[in-house]
Structure formats: structure tokens, C-alpha cells
């Protein structure tokens, strides 16, 4: 499956864009006009909730489907299905490995892609279309095909590919389209040249410019790219399984075979964790409350109220 | 003018001839390109090189074999269900995107839809597949409810999560959110003034969509279809868990690779992967072109 | 020939009152500008005329026919939006004939009409271009052509020049007026730019906070503003603290100034609003002051003068070039004929 985030809008991820008047606002609309969209929303909500609920039920309720009925609906609910996996040593090993992989991938992404994006915007603007095209390349090569290629090289590169962490650069490649796109969008929204020139002309060296000027302004893009990468790496199955690397997803799959309920429980945990991860992203990248009182606002307000009497053309 | 340099290959060249400066700047992209080459291009090329290699040298026989007999029906099956899954995702995703874009109450609705779409589109196929097994599998909750409540015996007929129908249902779970993510900006780009101008000139809602709305959205919709197609076609994890239907090409390749990495000298397996790359690459190429077209109208 | 009437039109959006009770009659072939700051209700009034909003109460009449509840697409009005209203996927020609197609005009007639109207706005050479290939000024002319192609009864313009460059604005403004007069089409023009309104209108409706403050010819609105708001919004005003001294006089500092009328009680403090061109430099007998700034603006010079008595800086227009430097002493006489007395509440 292709991991994708699309066109984070003006520096931010595709969450909470409030730009653009929604079509139809202000037009005289009958109640009937909203019927279809509302039905769509409700049906969608049901469709998307059902599998999750079913998974949760299976993991948390120790009643096999065959016996499930109105009378047994509230029996045997417990967290045992989920906590059962914590006893497994392999679980912890896999989890640790996946975390390491995620961390490594995010690190390399930040230290390779971010400077590259800045470099393109600052020094080689002509390369932009080309680089943009290049970032779509990973989409053209499905994961399973990629791993086939890796299998071919394996004999030649045993020294590298024997390590579990060798997955990291491939994960960086897989994540490339949306991490680069995220940085790109964030940079596009800044007037990068001006910021850098201003910072340098005020005497800041490159380190300070990057840390104090660029990074804070790219906060949203960086957070979004990092979390999304982490989520994708923690859920990546194809490469890991084919290369016989015991990260979390292969474990998730095999464990279901061994202990069904606990296995589903692990998968439920994975789902919940991913959701929490995204919730954190949304929280961290929330647009600042425009009503927040800051010095600038207070000054502006004061100027406005004293100006009212002298309102002029 | 201050001459700007980044850490890589730092060198202050104040007053250097512009032409020389610019060609040096491309050096800064070398780490990136090298990385990409090593970890993306090289494996991809290896697939092709192994696909055309036999004991007697280069030959396209494996490529041919990979597209005939059982393999051909596998490709046909995979392309078919991917196209249907993509079409379903496009239609339902666009509807959902439109519903979310035009909703004014409650105000958090749009945010919830976009956030959830972000999660669902990227959450990874494995948990999703298991979730659907608990819902619509042989022991699934919904299966049971349909049987006892409505008398519909799903598995009595020819339903299977690995069939076209089943795959389309499951894949829609991440295809629809993906479509929502792509289409929301495009729908936002439909300016209200176009709608009003159309009404002002005597056109109804239908006129608007027929003459302005859908034509403007068309590149996005087309692009969405291609992206969803490529997405469905190359999905592996979900299929692996859901079914052992060997008509799914990505699964077939998985079988060939067998998990035992020292064998795998089978050129046909690589040829399958090579064909897969070709098909996905072509789809994504057209997707990229469609996107460029769509952006023209989204300023 | 068409007239457009608003009869006690009232519109609220939730708690906000956009229009209190608007009564406005646009005569046949007349161009009325609705002028005011953001939020004054002018755009709301226009959108109610177009049918994009419906009035809460009151009526809208076109040639005495009640169209208050008629949906937008059934009204026969042409509208030019502020920006970006051309359909991006259609050529200029197809944009212009959009309204003709919805009216099921046949192809031959359509082509003829499109050529006619594009000729009127002098853009026939762009007929096959797409909106993203033409400039902002050209796009607005196409929008105008598109609105006029269907021969509407009323022309509505929603700040059509706001998004354009200054130079283009003036040329296009005059062209709009030329076409409007030539076709004799009843027009409602919304703008926040008073210079624009003054230049092209038959009458101006100055609005503030959902109310129509004054509806008069440009000359009258400028020279006889009916309220302090109108006085300030149109043109610029000096403000001098003064005291009422009788029915036709006020006291500024030690000086008496004759005004047309006072409504406030004797002795009450007011603000005297005077135009810079109603202040003159005199050799003696005026209010003494010191020149603070002297700004040459081409056809006139604007002097900033700090009046001794009041410690207020007033702007004085002097025709041509004035040879005065900051610090020089001058005396300023006030012509109160057209001044407005504003109560200080």
C-alpha cells in the first residue's frame, strides 16, 4: 500500500484547512438540499466505524462469534485479550526493533531531506520540478517489487543487509514522497530567501539561522513528516516480512496464528496507537487561536480604539 | 548581495560568475540523488536485470512467461479489481469530500473528516485486514448478523474476502480517505463566485456541475483514479492477511520470493515484479500529469 | 427601460444587522454607487438584488415587478464580481456566451452576439484565450462582456476594480461608465473607493452600519454632506474643536466663524469639520499658526499648519506651488459655508 499524504496546505498537513468559503454558503438552501450530503456523512461514519468496533469486540470479548447473541452480549469483556501479549518476550523485542527503525528513519529523513529541500528552494530553484518528479518515483515502484530487487542484491551486500537496521534507508525512500512534499509545502509558504537574508544580515551564522529561524517556521511540516513517517514505519509489513526481519507488523501477523484473541488484541493496539499518533499531530499543529492575547494584538487594539474618533477616508 | 551557502560543500564565492555558481549548487543535491539511486533505482534495476537473465544470457522469455497462462489471469484479475476499487473510491471519496467541504454545521466536522482520512489512508494494511476479518470473515460479526437477522448467508454463496467484491470493500477503507485527501483541495478550489456567476447567467445547479464544476474537477478525479489504482494494485500486506488468493499479483510475487532469500533465482518471479513496476509506473506517470493539469486551475 | 427599487429591505445574519431598512430607487439608465466602508451593508444590498441572499423583510422590485422571492437564475440581471469569476475551463468566447447558451440561443445568433459584445469591450482578439492567459484588467472586461451579453435589465457590479492595479483601475472605470451610458443600462455599483464613486456615478448612496446615510449627486455629497460620517468618508476633513455661538456661528478659539446652520445649543462644544480647500492663508485677520509640513502634490500643495490657539494641525490646500517652509508663521481663515458641526457626545 502506498503511504500518502497529499498536498499539505500552506505549510500544514491536510488537516483543518479553513480556507475557502464552502460552496453554497449563503445561498438560499432548502433542508432537502443538505439531505444527500448528510446521508453520505452518516453512512460513511458507520462504514468506517464498523471494522474497528468488530476488531475491538473480538479482542476484548472472549466470546466466539458463533455463541454471540443478545444474551451473551455483555459477557466476558476484559482487557485480557490485549494485555495477554505483554507476556510475550518476542513482542517486546519486535516493538523495540520497530521503534528503532522508526527513530532511525525519521532521523535520516530530517537530516537528508530537509536540507535538500532547503537547498533546492534557496540555491537551485530550477531543479524544483525535477526534484518534485523524482519524489514521485517511489510510488512507481511497489514495495513488493522493491523488496524483490533487494533480494537480488542481498548476496552482494550481505554485510549491510544482514543487519535488521538495514531497512532504514529503504523506509526513508518509501516515506520520501510525502515527507519531501511536506517540507516543500512548508518552505513554499515561507519567504525563504528573505528570511535567510534577514537572519544573515543581522549577523547570524548558519547554525543559528537554521535552528532559530528555519526550524521554528517549519515546525508544522517537520512534525507532520516525522509522525507520519513513524506511523508508516511502525506499520510496514511487506519489506520486513519478506526479508525475514522481526519487526512489529510481522509479529502481529504471526501472533494471530498462535493466539487468536491476543493476536487481534495486538492489532487493535496498533490501530489505537496510530490514531493517537495522528491525534497528537493534529494537536501539535493546531492553528494558534487568533483571539489569544499577545502584545502585538493589544497594541493594535489600542491603536484602533483611539483612531475610531478620527475615522477618515 | 550576500552569497548564501549551506553546510554541504560550504564555500563562499562572493562575486563568482553566476553560471559557475549555479552549476556548483547542483552538487548540493548529490547526497539526495545518491541516496535515491542506491536504495531505489538499484533494486529496481536489479529486478529488471534478473527478469531478463537466463542461463544462456539475456532473454525476454521470462517476461513473456510472466504474462501468460496463470500469470495472465492473475494480472487480469488484479487489474480488474484494482480498477473497480479505484472507481469505487473515486465516486464515494468525492461524495464524501463534497459533503465535508460544504458542511457548515457542526464546525468541527471538516477537521474530523480530514484527520480521520489522514489516519485511515496511512494506517497500514495489517490491522485493517484483521479488522475486516472480524467483521466480514467467516466468523465475522456482520456475517453473523446478516445471517441471523436478514437471512443472508454470505459464505453460502460465493462471497469471499479475497474475491473482487471482498477486496473492493476492504480496499475502500483506505481508498476513500485517500480520495478525500486529494479531492478536498480541489473542491475548495471551486470558487463560490463561479457558482453565483453561473446562477446569475441563468444556469441551475446541474448546469454548473455539467459545464464548470466537473470539468474543473476532472483532472483531480482522473488523478485520483490513477493513484487509487496504483495503490490497490500494489497493496501487499492487506492481501496477505486477507486471503491466499494467488490471483493477486503482489501475493504471487510474495510466493515466488518465498521468504527464503537465498533461492529466488526464478526469473519469472522477477519478471512478475518487473511487469508490476511497469504497470504502476505508467499509472503514476499519468497521475503526475493529471496533477499538473489540476494545479493549473487551483491557483 | 428598467427601474430597480429596494423597499424597506431588512437583512440580518444571526445577531448582526446587515441592512436595517433600505429604501432606494434606481431610475432608468442611472448609475448609482453604493459607497461605504467594509461591513456597511452595500455588498449585502447588491447580493439581495442579485438573488444570492434573500431579504428577511421588505421587497425588491424591478420595473415594479416584485422579484423578492425569485431565485437568482430566474432574474435577468448581469453581475460583475470582484475577481476570479470567469470559468477557468472555458475560453473567453465560451465564457461570454455562457448566458446565451442557458437561454438556448442558436449558434449563429450566439456567435454574432459574442462578437458584438467583445467588440464593445475591445477584446475580440482574445476570444480564444483562456482566463489564466489574460491579465486582471482584461479578465474584468470579459466579465463585463459576459454580463452584458444577455442584455440584462439591470447591471450589478461588486467592487469590480478593487483587485486591479491603480492605472488599470482608472482606465477600466471610465470604460465601464462609457459602456453603461452608451447602453443606457440601469446600474448598481458597489465600492469602498470614494474617488471611484465620485468619478462615475449619477448619484451616490453613502452607507454606514446598514443604513443609507445620504443619497445624492456626487457634487452634493461632497459639498453638502448630511452627516459627519459622510463628511469624513468622502474627501478629507479637518477637525477643529469649537463652541456653538448662535444659530449660524461657532467660536473657534477667539474667532467667530459663520456656518450655514447649527443644531446644537449655544455654548455646547462641537467638532467643526472643514475641508482643506475651505481654509485659506490670509495676511491678517485669521487664526495664527506655524507651518509644520509643506507637501507638493503636483496640482496643489498641502500645508500642515499648527494653530496656536488649539494646538491642532490642519491641512490647507493651496493651488499650485507654495513657497513656505516649516516654521514660518501664517494666518488661516476658515470659510464655514460648507462646514459640518458634529456633536461631541
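As written, the chains take the letters A, B and C, and residue 1 is the first residue of each chain.
Just so it is clear, a contact is a pair of C-beta atoms (placed from the backbone, for glycine too) under 8 Å apart; a residue touches a chain by one contact, two chains touch by 3 or more.
None of the values given here were measured: they were computed from a predicted structure.
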Give me the chains shared as neighbours by subunit A and subunit C.
B
Determine which two chains are connected by the greatest number of contacting C-beta pairs.
A-B
Could you tell me the distance, in whole angstrom, between the mean C-alpha positions of subunit B and subunit C?
53
Mind checking the centre-to-centre distance between subunit A and subunit B? Centres are C-alpha means, answer in whole Å.
16
Could you tell me which residues belong to subunit C and also touch two or more other chains?
52, 71-72
Subunit A, residues touching no fewer than two other chains:
27
What positions in subunit B touch 2 or more of the other chains?
191, 196
Given the complex with subunit A, which residues does subunit B contribute to the contact?
2, 4-8, 10, 22, 25-26, 28-29, 31-33, 35-36, 38-40, 42-47, 49-50, 92, 95-96, 98-104, 109-111, 113-128, 130-132, 134-135, 139-144, 173-174, 176, 178, 181-182, 184-185, 187-192, 195-196, 227, 230-231, 233-238, 240-241, 250, 253-254, 257, 259, 261-262, 264, 269-270, 273-274, 276-277, 280-281, 284-285, 287-288
Can you name the residues of subunit B that touch subunit C in the complex?
191, 193-194, 196-204, 207, 211-212, 215-216, 296-297, 299
Contacting residues of subunit A [partner subunit B, same complex]
1-7, 9, 13-25, 27, 36-38, 40-41, 44, 47-48, 50-52, 54-55, 57-58, 64-66, 68, 112-113, 115-116, 118-120, 122-124, 126-127, 131, 133-134, 136-155, 169-170, 172-173, 176, 196-197, 200-201, 206, 228, 231-232, 234-238, 241-244, 249, 252-253, 256, 263-264, 267-268, 270-271, 274-275, 278-279, 281-282
In their shared complex, at which residues does subunit C touch subunit B?
50-52, 71-75, 77-79, 81-90, 98-99, 102-103, 132, 146-147, 150
